[in-house]
Structure formats: C-alpha cells, structure tokens
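The structure is given below, and queries will be raised subsequently.
Chain naming follows the written order as A, B and C, and within any one chain the residues start at number 1.
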Amino acid sequence: MAVVEAIDLHRTYRTSTGTFRRKWKDVEAVRGVSFEIGEGELFGLLGPNGAGKTTTIKMLITLLIPTSGTARVLGHDVVKDAREVRKSIGYVFGGERGVYERLSGYDNLRYFAELYGVPPKRIRPRIDELLELVGLRGREQERAEGYSRGMKQRLHIARGLLHDPPVVFLDEPTIGLDPIGARELRATVASLAQAGKTILLTTHYMFEADALCDRIAVINRGQIVAEGTPADLKQRVADGTVVEVEVFGVPEGTVKRVRGLSGVLSVSVEEREQAQVIIVQTRADVELTQGILGTLDGANVGRISRREPTLEDAYVALVAEQ
Amino acid sequence: MTNARVFFVGGYLSYRALFNWMHWSYYVPTMLGAPIFQILFFAYIGRYAQVKDDEFFVVGNAVQLSSMAGIYGMAMTVGGERWTQTLSPLMATPASRLPLFLGRALPLIANGIITSAFAFVVGWLLLDFELGAREIPALAVVVAVSAFACTSLGLVVGSLGLRVRDVFFLANAVVYSLLLFCGVNIPLESLPNWMEAVGRSLPLTHGIEAARAIADGATLGSVDHLIWTELGIGGAYAAVAYALFRFFEIEGRRRATLETI
Amino acid sequence: MRILRLLWVGWKFHVKSLTLSAFFILTSILQPIIFASVAYFMFRTGAREGTLLYVALGAGMMGIWSSTLFGSGGAIQWQRWQGTLEYCIAVPPPFLLVILPLTLATATIGLYSLTATLVWGWLFFDVPLEVADPLAFAVALPVAVVGLGLLGLILASTFVMYRNANALSNLLEYPVWLVTGLLVSLSLMPGWVGPISWVLAPTWGVNALREAAIAGNPWPEIGMCLVLGAVYLVIGHFALQHFERLARERATLSLT
C-alpha cells in the first residue's frame, strides 16, 4: 500500500485587486497532480518557484483543502480524516517565521511536544535528542528571536520530528542555509530515510534531488511533467549533447532563431557574471555550433564548449518550456 | 512648483499607501463605528455620575475624535515608513522636508474633520444635544484648527518613532492622555492644578473650550483668543517635530541607526 | 487527563509569551490606568454618592475585557503574522484545545490591568481596598477571568477566518463596556439593553466581584458566569470547527 497518495489534485486560489471595487481572479496553482510514495521512499518534488510545490504539500499535510481530487496518507483521507493524518506526519517549512519569538527554543519545542502528544516522561529526553541531532544543543534557552536564520531552520526540523512520525514532509529545507549547514541537513535527511521513514522533499535544487531522492517528480506550472528515478530522468537527455556559447549581449530574437534550427531539443539563457550563456541541447548526431553562431548576428562571442548533458539539463529542458 | 507637487501628490499617495490595505469593511468600524460608542459611553457615565450634561460630553468627544486620524496617521507615516523600510530612499530624496510632511497632514486633517462631523451628528441623534445651523461653520473652524494642532502632535510622535522601537504604543499613550488631560470628559477645574497646566500645553484643550462656548451660543469672534492659542500650540509642536526630525536624521546618519527596528 | 495537561501547558506557554511582549503588557497597564483615572475623576466630580471601589472594580473589568478582546483577536492575527497559525492547526488535537489556552491566557493577562487599576486608585484616589468576603472574591475572580476567556474563544474563532478582523475588535471595546454596566448602571439605559447584557460574561463577572467586595451575595452571579462560560464553550467549539474548515478551503491561514 502506498504511504502517500495524491490523486488528481487541483487547487485554485482566489485573488483580488483594488480597494473599493474588488476584482476577483482565479489562479490555478495545482492542476491535476498525481503520484504515489511507497514506504521508506525518499521522494522528491522538484520544480521552479511558483510551480505549485508548496501548495501540493500543504494539501497533503491538511492545511489546504483541495479544490478537487483526493489525497491519502497511510490510508487516511486528508480531508475527512485530517486528525489521523496529523498524528502520523511531521512537516518542516522553514524560513524566518513560524516560531514563537519571545520564548526560547526549548519552550517552543516543549509546547509542540505537548501538542503532538509526546508522552510526558519522554518529552525531556526527546527534546535533548533532537537538539543534539540538529545541532542546537547549548542554545536552546535563548529566545528564538535571537536565532539566526539557519538556527531557526534547525528548530523547525526538530519540531517536525518531535513525535517521531513515520512520514515526514520537507518543503525546501535547505533554503537560507549556508553550504555547510545545508550539507549537514542533507545528511540528516538521508539518515532519516535510512531509519525507514517515508519522506517527501520539495526543492528547486536539481543536485539536491539527485543526491538524496529515490524517485523524483518534476512539477511545473501546477502539473507533473516527468517522474522517475534520477537515472530515468538522465536517460531523457542521455543521447544528446549540450552546446554552451558565451555571449556578451544576446541579440533580440536569438533564442527563437536557435530554436528554429533542426535538431535542437531546448534552448535556455543563463546569466553568468559579465556575460550570458546560451545553453542548447541538441540531438547527438547533429553538429550545430556553426548554425548557432550564425543566429548571433555579429554579437561578441566568448567561449564555446560542448559537453555531456547532466540531470540539471534534463530539468531545465522540462521546465523551461514557454 | 515642485514643493506644491510634493505637498499634494506626495500626501495623497502616502495616504493611499497607508490605507491601501484598508477595505471599507475596516475603515467604517474603526473610523465611524467606534466614535459612536465612545460618545455614548462617556455621556452615559456623565449621566450616571451626575456630571455636567450631554452637551458637555458630545462636544468634548467629538472634537477629541478629530485627533485620532492625525496622531495615528502621522505616527504611522514615520513609524510605518521605517517598518516598511521606505525611509532610507525617502530621506535621500531632495524634496524639502516641510512640504513633504505637511502634505501628509492635509488628508489626515480632512479625515479628522469628517470623523468629528459624524460624531456631532451622532450626539444630536442619540443624545440630548441641540445644534443650531448658525453654529456649524464656527464649529467646523474650531475642529479644523484642533485637528491641525493634533496632527502636529502626531508629527512629534512620528519623529520620536525614529528612535523608539514601538511608535504605535507611543501613539496610543498620547491619545489616551488627551482623554485625561484636555478636558474632554472631565471639567478642567476639577483636575489638580498640575494636570490642568499639562492640559493647557496640549492641543485640543483650547479647541474644546472654544467649541463648548460656541455650542452655548458664543460667536466665533468671542473665542478667537482660544483659536489662536490652539493654532499657536499646533505650530509649536510642528516646529518641535521638525527640529527633532532633523536631529534624529543627522544623528541617525552618524550612527547608522536609521534602519534598525 | 491529557486534555487538562494540554490546556495547562498551553495556558502557561501563552501567558509567558504574552508577558514577555512589552507592548502588550504596557498597553494592558497604561490604558486601564488612564481610563480608570478618567472614571475616578468623573465620579469624584459628580453628584452621585457611592463607593469608589465600585468604580475601581468596573474599571478593572474594563481592562480585563480589553486584554481579552485584543488578545484573542489580535493573537490570531499576530500568530498569522508570526507564521505560527498554520503550525497550530496541523496538529492532532482539535483546534479548540489549541486556541482555548490562548484566549484564557489573554484574559489572565487582564489581571495585570485589574491590579494596576486597583493599586492606582488606592494610591491616588483614596479607593478603599477592603473586600467584604475574601473567599467569594477569590472564587469570583478566576471565574470572571475564565468566563471572559471563553467569550474570547468565540471572538478568536471569527478572526481565524478574516485577516482584517482587527477592525471588529476596535469596534467592540466601548460597546461592551457600555452594555455590561461596568461603569454605568444598566437602569439608565433603554430596556432592550438588559437582555444583551445578560448573555455577556463581564456583566456577571463585575457584579460578582462587586457583591463579594462591597457586600451582598455573589454566588448567583458566579453561577451565571459559569453557565455562560459553558454555553460559550459549546458555541466556540462549533464556530472554530466551521471557521477552521473554511480557512483551509479559502487558504486564509497564512499571510499570502
């Protein structure tokens, strides 16, 4: 039995503009998302900002009611059996907000431990364990308002794990962390997976999903555009080549022209310091370097390179569609 | 020419920005609903405690209500700027300070007058209070002057907001203090001397005195000394505010404290 | 048993959190002192004979109401702003058991207001701080606080839904002070105010305190306060359930 099931989830938001004469607009953030997560799996939901990752996760953790579709965690419906779902899940949103600022990290954890029904005798030792795990030991008596962003993030993680839930949802947990902190966090997530927990992780970092996840679903504009193991996704671009052309000032219409060349799979432009880099994925059997240069129309060109495609390119190809 | 633009357009836009989030469903209860009950509350206490008459409380509170927009609005203008961190860009503009901030005062004064007028109508409808048509223009003048004086006080509060962490609390304290010291609900002669002295150095006191005289039949001319005093007080506070503002601005630049919340 | 623990821990947590919020505490003390002073002066000036303790208790109760009103409504908004509202909803216990300790805590903070009002009156206005029936007073006080805390529950449930419910809290301060007869005898008001006052806890709370302090029999009032509290609890429970569900449907739990 799948531990987490999402079945054709839809979620529409109503937004309004104006003060006196309000205009309402419907925004469909999630447009038919379906996936399943098996027991002990580390599942990644990968997509750019605004793709609908957070909305999807909020539906699964019972904070949002889907406009249509169903979702189940451990067999319990997230709308009808919300209470049962809440007992078995932990979630980490992270960010600057979400803690009781005036009170200490310890007090924050103590309060939520009570809310999550941690047996009274277990509360103190459990909090100590978690403080050790997330590296906040020694700072727990300080007021949360004095915590750095990274420390708050770690407090969030500790809170999400208080009741040792079998299913854990992590929404962009490494955002805002310095590289070392992020690496430590990834190690923690990996160890949680090894301990048998089922984990859903959202991120927009491809390398993070690649490194941690057993399976990945790529989401863009509210829909899943690809699903599979990291190896599967790499396969999508495996027979192909990537040409990178460094340009100082991409002329208008270039991207369109490049796309028009036959054998081109996708085109994107990246800003790198002083220049822009046009990244073109092509089929393996074509040689397009001259063709690409031809579309550049006399612009200043720097380095040109050819390389093997990476998972990052697969991701870009999937989400860069206009 | 630029000064006039800064004055009018800047003021209007700042007012919009401040109240942009304010739907009419918020504005109505706050600016119109609460005043009704404030007047009723104090008038009834007056009846129960057997102090003065309804007119005393209607006039006192109606004039006091013109101060709310001015004090809160001005305090939030500066306090709010800081909070939303628009203060630095604003400080860096070449616009002259005076028209900039006075431009913000105008909509607030207008707001105050409307609230006051509404309060007078409420008093007339629900309590034992009569108002002759002849008295209305005179009262309007008095209310406008008081509203101006209170807006200046609000400017002082706002200037202090450059240093104080929580300007809203200060604004609250000032508004409540006005209820206590300015003869709004307690006849000045019943207050201890020192409190009466404090009241006389605050805006509102002389305006209320003038308004009560007018409601009793006095002409505008006979109370003009009170009106001039009120104007003077308003001007004095505006000057204090300006000085404070410049002082904090310079000091803030020196100590880089302008952005710390 | 677990429910009691949850309420106790939650109540302690929120009382601590509110106490450490300087703004909230200062407002809880400053505003009641000023309003009490206005009341003391008015009654001293006026022709009515009567004990100032009567006024003091009324003014104190005004403070407890303000605390509850702004605390309960404001607390929801403040939690939303702090980002903790969502975390409070997605926990196993019913939302009622999460919010109730909060509203009880805000009413408890009102005790700071009451104390400040009484001490201030005693220091500067010769308010006699003698309580006729200390035992009854000691019972009436927490009952009044609980009664108001439960009324705050209903307020809080409305504010879960609407982001700008602050406007409503501004509007409910004076009217409740007025119709619950805190400083004005209800006999002075139109007849239809009476029934409204009977369903509001502060009416019974302040009368209980007055009967206990000045002279009389506070026990019926204490009883009424408890009965009303139970009614509020039931209403609040259903209101919270309903509004929480609506909030999840319309996504108004977070700021964005």
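FYI, a residue touches a chain if its C-beta (ideal position, glycine included) is under 8 Å from a C-beta of that chain, and two chains touch if they have at least 3 such contacts.
Only a predicted model underlies this, so the values are computations on that prediction, with no experimental measurement involved.
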Compute per-chain Cα centres, compare each with the mean of all protein Cα atoms, and return the closest chain.
C
Looking at Cα centroids only, farthest away from chain A lies chain B
Report, in whole Å, the distance between the mean C-alpha point of chain A and the mean C-alpha point of chain C.
44
Would you mind pulling out the distance in Å between where the CA atoms of chain B average out and where those of chain C do?
29
Chain centre separation (chain A, chain B; CA means) in Å
50
Residues touching two or more other chains, restricted to chain B: which are they?
22-23
In the complex with chain B, residue positions of chain C that touch it:
22-23, 26-27, 30-31, 34-35, 37-39, 41-48, 164, 166-168, 170-171, 173-175, 177-178, 183-185, 188-189
State the interface residues of chain B toward chain C in the complex, per the touch definition above.
21-23, 25-30, 33-34, 37-38, 40-41, 44-51, 166, 168-169, 172-173, 176-177, 179-180, 185-187, 190-191
Going by the contact rule at the top, pick out the chain C residues touching chain A in the complex.
2, 5-6, 9-10, 13, 16-17, 20-21, 82-84, 86-94, 98, 245, 248-251, 253
Show which residues of chain A lie in contact with chain C when the two form their complex.
13-14, 61-65, 83, 86-87, 91, 93, 95-103, 107, 110-112, 114-117, 120, 159
